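Take a look at the structure below.
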Amino acid sequence: MRTAIYPGSFDPVTNGHVDVIRRAALLFDRLVIAVAANSEKSPLFSTEKRVRLIQESLADLPGVEVTTFQGLLVDFARAQGAAAIVRGLRAVTDFEYEFQMALMNRTLDGHMETVFLAAREEYTYLSSRIIKEVARLGGGFGRFVPPPVEAALREALGLRES
Amino acid sequence: MRTAIYPGSFDPVTNGHVDVIRRAALLFDRLVIAVAANSEKSPLFSTEKRVRLIQESLADLPGVEVTTFQGLLVDFARAQGAAAIVRGLRAVTDFEYEFQMALMNRTLDGHMETVFLAAREEYTYLSSRIIKEVARLGGGFGRFVPPPVEAALREALGLRES
Amino acid sequence: MRTAIYPGSFDPVTNGHVDVIRRAALLFDRLVIAVAANSEKSPLFSTEKRVRLIQESLADLPGVEVTTFQGLLVDFARAQGAAAIVRGLRAVTDFEYEFQMALMNRTLDGHMETVFLAAREEYTYLSSRIIKEVARLGGGFGRFVPPPVEAALREALGLRES
Amino acid sequence: MRTAIYPGSFDPVTNGHVDVIRRAALLFDRLVIAVAANSEKSPLFSTEKRVRLIQESLADLPGVEVTTFQGLLVDFARAQGAAAIVRGLRAVTDFEYEFQMALMNRTLDGHMETVFLAAREEYTYLSSRIIKEVARLGGGFGRFVPPPVEAALREALGLRES
Amino acid sequence: MRTAIYPGSFDPVTNGHVDVIRRAALLFDRLVIAVAANSEKSPLFSTEKRVRLIQESLADLPGVEVTTFQGLLVDFARAQGAAAIVRGLRAVTDFEYEFQMALMNRTLDGHMETVFLAAREEYTYLSSRIIKEVARLGGGFGRFVPPPVEAALREALGLRES
Amino acid sequence: MRTAIYPGSFDPVTNGHVDVIRRAALLFDRLVIAVAANSEKSPLFSTEKRVRLIQESLADLPGVEVTTFQGLLVDFARAQGAAAIVRGLRAVTDFEYEFQMALMNRTLDGHMETVFLAAREEYTYLSSRIIKEVARLGGGFGRFVPPPVEAALREALGLRES
């Protein structure tokens, strides 16, 4: 049985993340979505809320667990018995940062592989940050996030029903 | 009659911006320079001052208006009856960010085109940020900005006449 | 009245090209699609056939002309009274090559602007070359090209009806 | 049981390829190394020789098969019952090309995932092409290829024992 | 006699920096390592401590001086009689930023050349920022920094001996 | 005394090359311009002619030699007693290829450094290939090359005096 970790801030989870999760779930027996609790940036949603939003968005997906982690990602991955870390790639700047993290993680743990999946073309421009910015400025964002996240974003940002 | 929007922070306007404006003005019947009022970063100049510096720097250019906007860029552009958003490109990292914004804006409004112009080679390294940094550190910056901006920067940063 | 030139090899025209053409046609009064006749590579289709395939694929589009050109692009553009050259951008490597050509063309003719449009996300991976390769290897390519091009490709490559 | 395909020209296999193979073999139950027989470039080694060199270089690796393929990669992958195509990434230009191929392959077969692994840092500069060039110019290349490939390259290029 | 400047924040110096320093020292008669004192970010180590850590890490290297500088880099470089500024390059995003700074510095002082050296492959992923992050999260970082820096980092971050 | 090698095809030398040469000549005591004689592409000018055109274009520059080389660049550089190989960088795609060559050369000879200089902005788009293409298509190319090269290009391409 092979386990993979899909780490991130997920503040909040987007349709781009969900797409990567659904495809990664087909490649590994067990996929652990790991919400980073030690982010230095002040998140919009609490760690627990971010976990719950992912769970609600993936209600039907077997073999996928959602949890939080603190400390070094490779330590968490090793403790989970993971064979690989999964990352989605959208564009070149993504690639460079992700590549550096993958090489660093492999240096910290020579057995930990990083596996990159190409994001779907229509999610090329999506990120949690840009969705929050569009929402704050009054743009429609329902097509970018799962329904539970849309409701949560409206509430967190004090937006009316559209 | 076709209108285009050239949005930005313009804190302050540089010779690189002016070059893009002069060239875009030849391609459209009406060019609206839109100073973003809802920037989260703390700007050096007020929105009004940034508008005025652009106006003073473009005194002789017909068909160009300068204004401010709040909220979502595509909403503003649509309200102006714009056919396109204009952006200058300097380098690859520019390109990726701008590309993502263009795709996002096209998703938010399927009729809003983004049009990229290549910045002149000698402006490849210019940005409002780097000019402010050079000015603060005592470097000569007169060749990078229009004369009204040079005077305003000296005053804002408490610099002596050179 | 403003004219723009959209130059290329178009061997053959793809849905990605058609998308750029339709969007560029909204930005200019007259759009001249210019098929390069002096390409050094041995094309699959003759210059005339490439022109005809574009015409058949754009039957309903007003303000668009299709022609061939020889010699320097800026000379052709100037002779057509063009204000701008239009290019589609798909990715970073595109960008660098296109950027160099734009700067070169501006040096050769200081009044000739190059205008870049972002290709639609679903056309990110499309090129005439890759479509011909997929077709040669027996893959389905009907979704990548206009119907007249699909038929022409089948004939040129000796493929059966699918 | 999950199968993955690692396709390429392998003309000849390098230590960079071997590194990707060893790591991919840990992530899938069965890894099929697929030597492209329909390459248009004139290869240094025949398809059969390239298969044999890979086999000799991987003598000890369970769960790995080496074979050739013709036609469309996704058709071959589907016939093998593969869940994924594996590709190594070295640098940004790699990334863009590989990304386009992955998106194209996903369009051709919506169930075929492409999985990218980061090449080891010391193989960043390695490619079959550059190794053949170094060998032709008389440089030492033993550290870049498995021993069976070193001998085969010497023979193919008419080089003396070092 | 030719002098070169190697400027940076060095908060703290890494093995990647040391590698660039050792190689640059072979190319110039005198190498001045210039610790930027006017950084706006809040550093972990004081300017003086950063200077001392570099000195301790380079105990055996002739022709190398370590000092601090304020104000514009090109002014400092000129005052030192430098012919060149040295920068290490790790990846494409590095390259673009460094390139812009080099062009800006050449505009500010037409005689000041910037010389780029390629970082060693195994340092591709190294930066002061990432090392501090790994250290804070409890990862082993001894292999990334000179011994005096390892001790200083442990003390500054309140970490136990490993 | 330090020697550097500036290698290339120089088919023919451009103003961009001359700019790199003039600046590199200030950084080293001796600069050897090395024209690659073993290029596989069919050059426009013979190796001897390319050497002569460089010599005529640099008539006034002390400390610079022009010669040809065959075989591996690092072997030639070592035989010349060189401390470094000099390369000009124009853009990101340049950077990646050059970086790979620099790492390969350092692997082949651990003591051979590669030193990158940033090309001047106005030469960003220049290459021998693009100049030959412009010249063949009838464009003005006098501003891109030294006078002796302009004359030689006219003759080689059978062009009239402009």
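Letters A, B, C, D, E and F name the chains as they come in the text, with residue numbers starting at 1 for each one.
One rule holds in what follows: a residue touches a chain if its C-beta (ideal position, glycine included) is under 8 Å from a C-beta of that chain, and two chains touch if they have at least 3 such contacts.
Since this is a predicted model, take the numbers as computed values, not measurements.
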item	value
Of A-E and A-D, whichever chain pair has more C-beta contact pairs	A-D
Chain located farthest away, centre of chain B as origin (C-alpha)	D
Of all other chains, the one whose Cα centre sits farthest from chain E	C
Copies chain D and chain E touch via same or different residues, half shared test	same
Length of the line joining the C-alpha centres of chain B and chain F, rounded to whole Å	38
Distance from the mean Cα position of chain B to that of chain A, given in whole angstrom	34
Touching two or more other chains - residue numbers and ranges from chain A	92-93, 96, 99, 103, 121, 124-125
Interchain pairs in contact, sorted by label	A-B, A-C, A-D, A-E, B-C, B-E, B-F, C-D, C-F, D-E, D-F, E-F
Complex interface listing, chain F residues touching chain D	38, 71-72, 74-75, 92-93, 96-97, 99-101, 103-104, 107-108
Residues of chain D touching chain E in the complex	92, 121-122, 124-125
For the chain A and chain D complex, residues of the former touching the latter	2, 23, 26-27, 83-84, 89, 92, 95-96, 99, 102-103, 106, 113-118, 120-121
Residue ranges of chain B touching chain E (in the complex, touch as defined)	91-93, 124-125, 130, 134, 137-140, 143
